[in-house]
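Labels run A, B and C following the written order; every chain starts at residue 1.
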Amino acid sequence: MDIFIQQIINGLVLGSIYALVALGYTMVYGIMGLINFAHGEVVMIGAMVALMVIKLLVNSGLPVFIIILIALAAAVAVCMAVGYSIERIAYRPLRRAPKLAPLITAIGVSIILQNLAMLVWGRNYHAFPPILPTSEHDIFGATITSLQVAIVLIAALMMTGLIILIHRTRLGRAMRATSENPPIAQLMGVNINQIISFTFVIGSALAAVAGLMVSANYSIAHYYMGFMLGLKAFTAAVLGGIGNIAGAVLGGILLGLIESLGAGYIGDLTGGFLGSHYQDIFAFFVLIGVLIFRPSGLIGEKVSERA
Amino acid sequence: MSSVLLDARAIAKHFGGVKALHDVSLSINQGEIYGLIGPNGAGKTTFFNVLTGLYHPDGGELIFAGEKLPASAPHKVAKRGIARTFQNIRLFANMSAMENVMVGCHVRTHAGVFGAVVHDRRTTAEEVAIRRRAEELLHYVNIADRADDLARHLSYGDQRRLEIARALATDPKLLALDEPAAGMNGTETEALRELIEGIRKDGITVLLIEHDVKLVMGLCDRVAVLDYGEKICEDVPAVVQKDPKVIEAYLGGSLA
Amino acid sequence: MMGFLASFEALRHDKRAAIAAIAATVAMGIVLAVFPFIVGSALGNSWLRIVDFAMLYIMLALGLNIVVGFAGLLDMGYIAFYAVGAYLYALLASPHFGLHLPVWLIIPAGAVLAGIFGALLGAPTLRLRGDYLAIVTLGFGEIVRIFLNNLNAPVNITNGPQGISGIDPIHLGGITLAKPISVLGFTIPSLHAYYYLFLVLALGIVFVTIRLENSRIGRAWVAIREDEIAAKSCGINTRNIKLLAFTMGASFGGVAGGLFAGFQGFVSPESFNLMESVMVLCMVVLGGMGNIPGVILGGILLTVLPEVFRHGAGPVQMALFGKILLDPEALRMLLFGLALVVVMLYRPAGLWPSTTRRREFKGESTDVLKEGE
């Protein structure tokens, strides 16, 4: 029983991170109909920058809280700049191009970011300095660390903030209008370029936070970490219904739970034939299943083919 | 002596709570030009989409040439002999005019991968026949000189004609035209009229959705009027024109 | 190769050009025949290996082009079919299971098996819209790789991450291509022999693709790409025709995979990661989707360019700075990524787009139809 609860907790933590990253995919897709293939790399950059700042300040005598805050600020700033540049350089000139062109530039950007990271930070894994409090709490026989609590809380806070931004502010209204119908939004005086840039910047900020969370949670960061994470988060976005903010959150958490429960029980389920190293497979099976049986995602709008 | 080619029985289709078609029944006779008119949003195109298998009807059935039409299977409908054009022209934009028509021949031809690769005698003959037929049809709709141009580079009127040629290439018994005169000028419309009459003379039954009332009234043998998804009238043009319900549906508009 | 294609096209269209075309073909044939000797002696064997790999990638790119370029179905897990072909060869002709079946049996079997995998993947997914299909196929590719990585326990089928080594080299009629072959007192080194085999098969695939493109089936593929609803209304059974594209494309991948296993003598899951799928996709899109010569060009460029960067990145730094400042491997991929972005920004339709797309530049365009609608 406590293993079950433990897996639920792990799943929630993982899911919160997926959700934050998934929001970046879903916002961009909602507004431009584009899969921002490079988004996972932005998460990686966020993790790397934060980690470097922490390593730099770890012996400065500053309180841990301040160090983390500075690291986070640096990561967010860098990621925002990266996200903004990606859109300006690789996507904006191609808005009217054949559909596959921006996909290829996205892949190109992804490769560039990954290898830039390799040049800057090397091929090695970077360990997260042990500065975070490691106190553990007991829930129903399972343990949850303060860090895990913090991750879930911060993620929830940021998602709430985003939803308020989108549904309660002028800017959010402009974003929603743009995603409904860009030309009409433009006629109504919305500066589409600005809105799209803004969407990338917000998504990248969330990615930076998620990056710090991942590296803190697994105590490790690596130039290649963005790829799989991005893929999973995208799956989460699709699972929830791509383009749908609440869907990304739901999809992220569900995927986290599925993965961690699946990895925990797959051995028993298959009589030991498949082990926990198949963890990564769940995301894809879920993805394929969702797309086949409910292509619009769990709470996505049904898009009927128009004749 | 007229036999029924298409018999639509109580066709219903709704989207959510909106009844786009409410028990619409109509029958089209062999060899006639049958008009389907009605105000915007009356359900004309929805009827077309149900007829050609793009939408699944929520009720009713379609009997075509004595047999029930399959639902939701556009390619089977085409095979059975119903071809259509689209209100907002759907050509294969990056294929040449010629190729567009050749695609239309797909449903009456058979070559598979083996034939395509090996070029056996049958496939070669079939390919020659397809090419000849496509040329013929381009001549027929009067755009033979644009055969090698990309569909997207044709003028609006020529695109409409090309779409008709492509539909004819499927060798239909019934040709369904969705607002073929939309956006055409007077001369083009007149040419279109001649084209449609010619098609009928060749023995193909025509179902026509059209806003140009003059064209419909002058061309059609019989006309049905849809309003809010219901058929409110079906008769020869002269009668339809005077029907009070029809006049009301058009708010006393342009029918007079 | 390009010249050959051009001449082939001409051959079909114009009889007067036929003689010139035949001359061009003969000239091209001679160039292609002596090419490995030129590369081998001028640049060395490592480059000849790259040329051999370029042939394999051309086959892959042509196979994917059927799916992406003709039918417009974005497949991002294409490398899985390459993996299927390669692993089938590895399992049936290596000490791993002690099987040593002949090549002429394994390669066609690989094509068939990969085709079946293509159909299996296609059947449930083909009604998905473009981007979704991309992600599902991507997921499929990863699933195949993860299974290859992990199917070493409890029953050892794939030997896991270590991969399978000691794979039999390709041998035809008792002659192995792994050792120099003497023909009429003339010695053909192994890499050259592989070159000729791959060349013949690549040309075969080119031929098949051209034939398909100009057929009823090929037109149906393009029609689906251009407007699926209109294609249905023209009587095309879009599901079957799409499935056919998937199966055909996959089987080409299976052939290339088998050849790869025999050539390399070793397969491991790492050779079939997502980056490889992306690479082949880039060959197709960058070269000029749907245009066979463009795709071939893409295949050659994207095989050779990264190698040029690899060989250049170290020495150029040494010459400029006197030491290696930047990791050459990272630098080469960085340049590769940059090249992708720059080419797409300036030539969104690819380096060598198809003639139909090129006709757009001839002017007199009254574009009523918008692209991509």
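Definition applied: a residue touches a chain if its C-beta (ideal position, glycine included) is under 8 Å from a C-beta of that chain, and two chains touch if they have at least 3 such contacts.
Just so it is clear, the structure is predicted and the values come from calculations on it, not from any experiment.
Of all the chains shown, the one with its CA centroid nearest the global CA centroid is C. Relative to chain C, the most remote chain by averaged C-alpha coordinates is B. As a whole-number value, the distance joining the C-alpha centres of chain B and chain C reads 42 Å.
If each chain is reduced to the centroid of its CA atoms, chain A and chain C end up 33 Å from each other. Averaged Cα coordinates give chain A a centre that lies 49 Å from the centre of chain B. Contact of a single residue of chain C with at least two other chains is seen at positions 229, 371.
Touching of two or more other chains is recorded for residues 54, 86 of chain B. Chain contacts: chain A has residues 305, 307 touching two or more partner chains.
Interface residues of chain A facing chain C in the complex, by the touch rule stated above, are 29, 33, 35, 89-90, 93-94, 97-105, 107-112, 114-116, 118-119, 122-123, 227, 231, 234-235, 238, 272-275, 277-278, 280-281, 283-285, 287-288, 291-292, 295, 305, 307.
Here chain C touches chain A in the complex through residues 68, 74, 124-125, 127-132, 134-136, 138-140, 142-143, 146-147, 149-150, 153-154, 229, 274, 278, 281-282, 285-286, 289, 326-327, 329-331, 333-334, 336-341, 344-345, 348-349, 371-372, going by the rule given at the top. Contacts from chain C toward chain B in the complex involve residues 207-208, 211-212, 215-220, 222-223, 226-227, 229-238, 244, 248, 356-357, 359-360, 364-371, 373. Those residues of chain B that touch chain C in the shared complex are 52-54, 74-75, 78-79, 83-84, 86, 89-96, 99, 102-109, 111-113, 115-117, 119, 123, 126-127, 130, 149-156, 159, 166, 169-170.
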